[in-house]
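Chain naming follows the written order as A, B, C, D, E and F, and within any one chain the residues start at number 1.
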Amino acid sequence: MYPTRLIEYEDASDEVRQVYDDIMATRKIDKVNNFWKALANHPVTLLRTWDSLKEVMSPGELDPLTKELIYIAVSVTNNCEYCIHSHTKAATKKGLSPQGFGELLAVIAMANETNRLANGYQVPVD
Amino acid sequence: MYPTRLIEYEDASDEVRQVYDDIMATRKIDKVNNFWKALANHPVTLLRTWDSLKEVMSPGELDPLTKELIYIAVSVTNNCEYCIHSHTKAATKKGLSPQGFGELLAVIAMANETNRLANGYQVPVD
Amino acid sequence: MYPTRLIEYEDASDEVRQVYDDIMATRKIDKVNNFWKALANHPVTLLRTWDSLKEVMSPGELDPLTKELIYIAVSVTNNCEYCIHSHTKAATKKGLSPQGFGELLAVIAMANETNRLANGYQVPVD
Amino acid sequence: MYPTRLIEYEDASDEVRQVYDDIMATRKIDKVNNFWKALANHPVTLLRTWDSLKEVMSPGELDPLTKELIYIAVSVTNNCEYCIHSHTKAATKKGLSPQGFGELLAVIAMANETNRLANGYQVPVD
Amino acid sequence: MYPTRLIEYEDASDEVRQVYDDIMATRKIDKVNNFWKALANHPVTLLRTWDSLKEVMSPGELDPLTKELIYIAVSVTNNCEYCIHSHTKAATKKGLSPQGFGELLAVIAMANETNRLANGYQVPVD
Amino acid sequence: MYPTRLIEYEDASDEVRQVYDDIMATRKIDKVNNFWKALANHPVTLLRTWDSLKEVMSPGELDPLTKELIYIAVSVTNNCEYCIHSHTKAATKKGLSPQGFGELLAVIAMANETNRLANGYQVPVD
C-alpha cells in the first residue's frame, strides 16, 4: 500500500472534493495537506475525521492556539513526525512565537520525565 | 523497594525539608504531595526535579493554566494515573472548568487518533 | 553500531545460513528481508526470534491474515516504520485489500483515541 | 474532576438519553457501559464518539470479531486497563475462545518485541 | 477472560509442571510468580517465553543485574505495574541498593525527557 | 520552526557558549552534538538540561556505561532515532562491544514483549 497514493483534487471523486472544498473554505487556504490526500483513499475515514477535527478544534472554552499546543504535546510524546510538523506550522500561524515554542517543548519533555518518576516510585494518588 | 516509603516532614533531613519548605511557600499550600515525599528517597532527584519544575512551570509566554493542560495531555497519552490526577487538580485550581476539561480530553484523544492515521498511511511531510 | 551491517547469505556463518534457509523455505521466497540480515549480527537472537515468530504466526484459531492485522495494529501504535511496511506487505500478500486496509487503520486510530478518553476520564472497569 | 461522575440514564438530558437508547438498541443490551456514562459529561464528545465507533466497528471487509481483536491489540500495547477489559468481553461475546485469546496475546507481545528489534538495529525498509 | 485464572502447580498439566519445575530449579525458589501461572493458560506461550527469558537473561557480556536494570527501564517507560514490581524485586536480590534504584529512576526519567526534546526539535542525527 | 536552526559556536551568545565550553571540557571533545545546538534556541532549556544530564549521568552506584545502556533501553522503547544513535555511540566509546549490544537489544525487546503479556493477562502483583 506504500508509498500511499496522495489523491489530488483533480483525481478525486465528488464526495472527496466536497470534503476538500470544506477544508479549504474553513481554513481559508487554497490547497489541502498531504494528510487529507492520504485519507482520501478511504473516503468514509476522510469525511468522519474532518467532521470530527472541525468540531474538536473549533473555539470553545479553550482557544484554538491552546488546542494546537495540546495537539503538539501528544504528537511529540508519540513521536509522530508528520503531526509535529503540521501542528507546529498551524500553531505558528495562530501566534506561537519561538520563545513560546521553547517553553512548550520544555513542559512536554518535563512531563514525560515526571510521568516516569511517578511510575517508577509507584506513587499513590493523594 | 515497594511500597515506596513516603518521607514525611518530621522524618526528613534538613536538605529535604528545605525543598519541602520551598514547595509549600511557592505554591501557597501547607503540605506537599506524595510525589515529592517519594522523590525524597533520593534527595538529589528531589532537589533537581523541583528546581526544574519551578522553572518550567513558571509564567512565560505561556500562562500557567496552559502549561497544566500540556502536562495533562502528556500524562493522559502515557496513562500515568498519578500525574493525571495531580495535574487535573492543579488545572482546576487555576481555572479549568468541567466544560474546558471535556474539550481538553477531546483534543488529546483526537490527536492520538490522527497520529496513528498519519503513521499508518506513512504520510510524507508537506 | 550504525549503519547496522546487513549480513548477506554469502557472508553468513553456517548457523545463520540455516536460519535463512528455513525462512526462505517456510515462506516460499528466495531472499530474506533486511530484518533478518540485521538480527544475524547476534545469531542467538536471530535463531530465537525466527523460531518464536514461526510458532506465533502459524495458523491456529486465528488465521494468518488476522495475525498480520494484529501485527500492523501494534506497529502503527508504536510507530515502527520498518514493521508497518513489512507487515502491510505481508498482509497484502495474504489478501488484505485497499478497502480492508482503510478499515484496519480506522479501527487502530479509533482505539488509540478511545484509550485516551478512558484514561482521561479514569473510567472504572464495569 | 475525579472520581468522574457517571451519568445514569435517569439523570441524563434528552440529548444524552438518545445516545444511550441508540447504543442499547444497536448492541441489543439493556444498559450502557461506564465508558459512555463518563463521556456523557461532555455530550458532544459522547455523540461524536458513538457515531464514529458505530461506523468504524460495523461489518465491512473486516468482520466485527477481527475489529475487536485489533482493538485489543492497541489497548494492550497502550496498557489501557478499562479498554482491555471491555473489548475482551466484547470479543468473547463475538466468539473469541480462550485458545484464540492466548494466540492473540502471543502475537501482540511478539509484535512489541520485534518492533524494538527493528528500532534498535535501525533496519532500513526493504 | 478476567480475572485471569492463575494455574497452580497442583492443577497444572504435566507439560506446565515441567516448566514450573525448571523455573524453580533455575531460580532456586520454591514457588513460581503469578506471571507464569497466568501464561500457563496458553502452554505454548508459557514454554516459549520461559525458554526465551532464560536465554536472554543469562550472564553474557552484560551481567544479570545490568539486564534487570534494562528490564526496569523498559517497564517504567511502558508503565507496566506488574513488571516494575517483579523486576525491581529481582534487581534487589541481585544487589541493587536503594541509592542505585534512585539513580536508575533518575536516568530513566531523564531519558524520557530528552527523547521528547530530540523529537520536538526534530534534531538531525549527527 | 522547522528545520530547527542549529546554533553554531560562532553564532552563539556568551551564555550559550559557556554551556558549550562546559560540555566540551566535561566530555573531552572539541565540538558539541546537534542536540545541544538545537536546544540553544531556548537557552534556559539548554542550561537546565545540561546541568541535569551532567548530574544524572555522572558515576555513582551505577557506572557510566550502565547508565548509557539504560538510556538506550528507553530510547529504543520510545523509538527516538536521534537518541538511539547518539547514546549507542556514547556506549561504544565507554566499552560496549557488538556482542554486548546484541544482548542489550535482546533484553530490551523481550521486556517489551513480556510487558504486554503481563498487561494482556492483567496479572496481579505477587
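The rule is simple: a contact is a pair of C-beta atoms (placed from the backbone, for glycine too) under 8 Å apart; a residue touches a chain by one contact, two chains touch by 3 or more.
Quick caveat, the model's predicted, so the values are computed rather than measured.
Student: Between C-E and E-F, name the chain pair that shares the greater number of C-beta pairs in contact.
Tutor: Output for the comparison: E-F.
Student: Tell me whether chain D and chain F, two copies of the same sequence, contact each other through the same residue numbers or different ones, using over half shared as the line for same.
Tutor: Same-residue interface.
Student: Please identify which of A-C, A-D or C-D repeats the interface of A-F; the criterion is that more than half of the contact pairs agree.
Tutor: A-C
Student: How many angstrom lie between the CA centroids of chain C and chain F, rounded to a whole number?
Tutor: 27
Student: What is the distance, in whole Å, between the centres of chain A and chain E, each centre taken as the mean of its C-alpha atoms?
Tutor: Inter-chain centre distance comes to 35 Å.
Student: Rounded to a whole Å, what is the gap between the Cα centroids of chain B and chain F?
Tutor: 22
Student: Which chain F residues reach two or more other chains?
Tutor: 2, 41, 44-45, 48, 52, 56, 77-81, 85, 99, 103-106, 108, 110, 112-115, 117, 119, 121-122
Student: In the complex, go through chain A and note every residue touching chain F.
Tutor: Listed in rising order, the residues are 79, 85, 88, 92, 98-99, 101-103, 105-106.
Student: In their complex, what parts of chain F are in touch with chain E?
Tutor: 2-4, 6, 33-35, 38-39, 41, 45, 49, 52-53, 56-57, 60-62, 66-67, 69-71, 73-75, 77-78, 80-83, 85-86, 97, 99-100, 103-104, 106-108, 110-115, 117-119, 121-126
Student: Which residues of chain C touch chain F in the complex?
Tutor: Spelled out, the residues of chain C in touch with chain F are 1-2, 41-42, 44-45, 48, 78-80.
Student: Touching residues of chain F toward chain B in the complex: what are they?
Tutor: Of all residues in chain F, those touching chain B are 44, 48, 52, 55-56.
Student: Looking at the complex, which residues from chain F come into contact with chain D?
Tutor: Against chain D, the touching part of chain F is residues 72, 76-77, 79, 81, 84-85, 104-105, 108-110, 112-117, 119-122.
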